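Alright, structures below, take your time with them.
One chain, chain A, links the two complexes that follow: it is found with chain B in the first and with chain C in the second.
Coming up: the complex of A and B.
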């Protein structure tokens, strides 16, 4: 009885420590956005203010960086989704030996350090006269973000009933129609999820982007530069907005998903 | 509209495995034709070669007299119903049914109208906007049939479509399939491992074993005149009594067995002295003695209503099964006793051992 109680106490303590470890930095960082102090800190608390939010809002360089990141993210997703899906489709039709070789080749960018991808992309494209900039950021990020798309689509494809494809062909459908009417609707959840993941991966990437950015300043680079040139709680305000947007987005997604599930109870 | 299907010496070899070897037969237009055999006998391979999912490594398939070599499944006048049905789970029922029409470029309004007609045909009016997952097994079955019929195929290929259903529904769907085939006049090629299904539904049946064609015949001929020992044992219950051919003549043969000489119908080409087996159906055995008499020790009797199945052992250890009609149950031997059964020679078949 007592041993059980001690165990449960320890377990609760561990859980508390675990959650604190995860969320304490975020909590402190978020709180600092409301402190009047010129540096992002909660101690000493010099007074509560929303000024940093308006400062952030008024920061033209921040908006420029956000815009650059958004363009890059959309382009990365636009390239990574079709290419990653195609790679997944090819891999699932290959036979055992060829498949494991092709698989290893295709996931290797995930295992390569981001810095290496950044530098090697820059060096390669220099040879043909393409310097750093949006194009190279997209190229460099896409090389490894494709892998995420491919892995997620592959996981979904493994549950695809191949006889559906045969049934469609047997009814006279062309390959294109099979893809559009049967395969694509089946892959939709995986495509949506990997598209979202591609955008997130792109926006948060720093180490690869840094080498290929040229004169562009995406959001991560912008924040990192701020650390050197004088960080103000305006960055905390920005972070809080991003966190809030993410949480709201996730909740909205989940609500939409549950609605769909209850609307179609057995399908 | 319906087409004949001719298999001209087709064979299929996967790597070093020969799945189907040199099979030839012709299915007439408008026929209900079954391919019967145990699992792994090559029947599904044959169906897939007719559908165009597999290209035969030898021979050719002709549908409606046209050589199908080089034509993919979407270019053949066939439609297939899969064992798993393979309905499209993310499309409502009516879109499933009209899928083949969509592939042919028919407009949406017309497709919908056609789908409603087919829903009426399969008695599922008003189900068009449901999703396949919301239907019962039997309803899904019917949707799969409607989807295949929607493209007005010349040949409908069915790959054990009833095997997932429970017995009651299966029997109901058998009658429904048969009725549908008669109404539409489409050639049906039906794959099954269930011999009673094949016998009950088909105009003709092809029996397969180990990739080889054993016999093509009407259900009646198959049952009464099996061409090979495999067919004799696989189609229906039978008693097999081994021996040696003693005499041949007049469409009959005498076979000398451990129980003495027995007579049955036989191919005149049998040679005296050849090892052979006499096959006799349980319902052809009558308790008592006569010209062809068998002796066995009765071990068990299962009363099944219309008749009782008497089980026992012949002196050589082979199993005996006799079906005694309920009206003659008083003649049936008691379990644990030695009993005699006789049969008319025209009810027995003598086949050379393979």
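Coming up: the complex of A and C.
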């Protein structure tokens, strides 16, 4: 019995250490944004300041990077949502054998390393004279973000009752109308959630984007370059803002997801 | 196919099919085929393209096999990625077990939130956090010096830093599949094992791990693949002595100016990753359908 108690105590310590491991690096990075020290750190604490936030705010290159990332993210979501939904619908309508082959092909971008997607996209489009830039970033990111949309829409489709469609058809609705008035509203939560996920995946992508960016500098590239060329706590200030925004977004996404899968445990 | 047309009518069905076909043909299939083509051709000046020299050969792949430094980095990337997967597994398994079998519903929802939040923050920032933590005059060294654990600051940047950053970056990809697998284990099996006299270690080895096999395989495969294809962690946390294979590929494209060789290297990485994924899944008898969730 006492051995059991010791074991439990040790495990509680391990849990605490795990939580600390998850959050300490992020906390230290965020705290360093308020330190006057020119190199971002928390020890020694040279004085508390908000100057790094104004330095970040005044950085034109940062705004340019943010703008680039925002444009890319909106375009990616605009392409990935309809294609991903179409893929989910096609896949769920296929017969068993064709479905497993099609499925393997359609999830293959998720099993491909990100750098390879960037490289192959860059090579293909050079043949038609398109070099790295916004267009290629969107194309390369969409290639795999479609998979996420597809998987999320498919999860929702599994619980769709096809008799609703038949009922609507029986009442004289056209097939296009059934899609628009019955299926789309049913998919709405999944579409919202996957739209959010698409934007997030796009903004945070680095490995794929790096190869197809051309002369563009999206936010992740901007931050990674800063680390090499001279890191100041202004980058930490930016990081803190992004973390705050992501956490708020994550909570909103989680709420949407919970509403979508109400009381259905994931197996 | 006929079902699709019957269900949505000719107009919509055609739109859906064309969207999917364009995606698969132009964005998934064509780029990979073109990359293979590039990998097999020599790097020639524009004037000689299509000339007698412009034929398929394995020269670029053989170059990798014969170039000692690159070959060493390639193998190091593979085993280091496997090590990342193993370390992540060791860190995650107890937590996943606790979440799936021991935590109360309240604890579970807090735990899920806590593990998910860091992973909504992008990989570059997570790596930057480790860059700051591990800096030569950074917090970790300062704390260890103060506690008297070390007498001199340690240079964490290098292989150790890369490992730490990667394990941190991929925890969720390991934790969730294992958690999902253990969750479906019936609690009475654990109790039965206990009643029959099995200790903690034995219960895990003979009951929990076999049951969670699929989840463990999935987590390991994903972690391995993400680690092998990562660029940001080695670039930020590595040192010149700890180069990663992706960095070599990058250099062929943007510094060496030899896209053909770069394509061959990227292809090698892709083939290796797919082989590892497929072999592992086959060994553990996991279906691809169960993987991507």
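We adopt the following convention: the second predicted complex is superposed on the first by the 246 of 267 C-alpha atoms of A that agree within 3 Å, B and C clash if a C-alpha of one lies under 4 Å from a C-alpha of the other, contacts with A are read in each partner's own complex, and residues count from 1 in each chain.
Just so we're on the same page, a contact is a pair of C-beta atoms (placed from the backbone, for glycine too) under 8 Å apart; a residue touches a chain by one contact, two chains touch by 3 or more.
As the structure is a prediction and not an experimental result, all values here were calculated from the model.
By the document's definition of touching, of the two partners only chain C reaches A:41; chain B does not. Contacts of A:174 after superposition: both chain B and chain C are touched. Once the two complexes are overlaid on the shared chain, A:206 sits against chain C while remaining clear of chain B.
Chain A is touched at more residues by one of its partners, and among chain B and chain C that partner is C.
Using the contact criterion defined above for the overlaid structures, shared-chain residue A:158 touches neither chain B nor chain C, since it reaches no partner.
Touch criterion met: A:109 reaches chain C, while chain B stays clear of it. With both structures placed on the common chain, the touch criterion links A:139 to chain C but leaves chain B unconnected. When both complexes are overlaid on chain A, the residue A:127 reaches chain C alone and has no touch with chain B. Applying the stated touch rule to the two superposed structures, the overlap between the chain B and chain C interfaces on chain A comprises residues 174, 265-267.
Within the complex formed with chain B, the residues of chain A that make contact are 161, 163-164, 166-174, 177, 181-182, 185-186, 264-267. Those residues of chain C that touch chain A in the shared complex are 1, 3-4, 7-9, 11-12, 15-17, 19-20, 22-24, 27-28, 30-32, 34-35, 38, 91, 94-95, 98, 113-118, 120-126, 128-133, 135, 137-139, 142-143, 168, 171, 180, 183-184, 200, 225-226, 228-232, 235-236, 246, 249-250, 253, 259, 262-263, 266, 269-270, 273-274, 277, 288-289, 291-293. Against chain A, in their complex, chain B makes its touches with residues 51-53, 72-74, 78-80, 82, 84, 86-91, 99-100, 102-104, 131-134, 147-148, 151. Those residues of chain A that touch chain C in the shared complex are 7, 11, 14-15, 18-19, 21-26, 28-29, 32, 39-44, 82-83, 86-87, 89-90, 93-95, 100, 103-117, 119-124, 127, 139, 142-143, 146-147, 151, 165, 174-176, 179, 200, 203-207, 210-211, 220, 223-224, 227, 231, 235-236, 239, 242-243, 246-247, 249-250, 253-254, 265-267.
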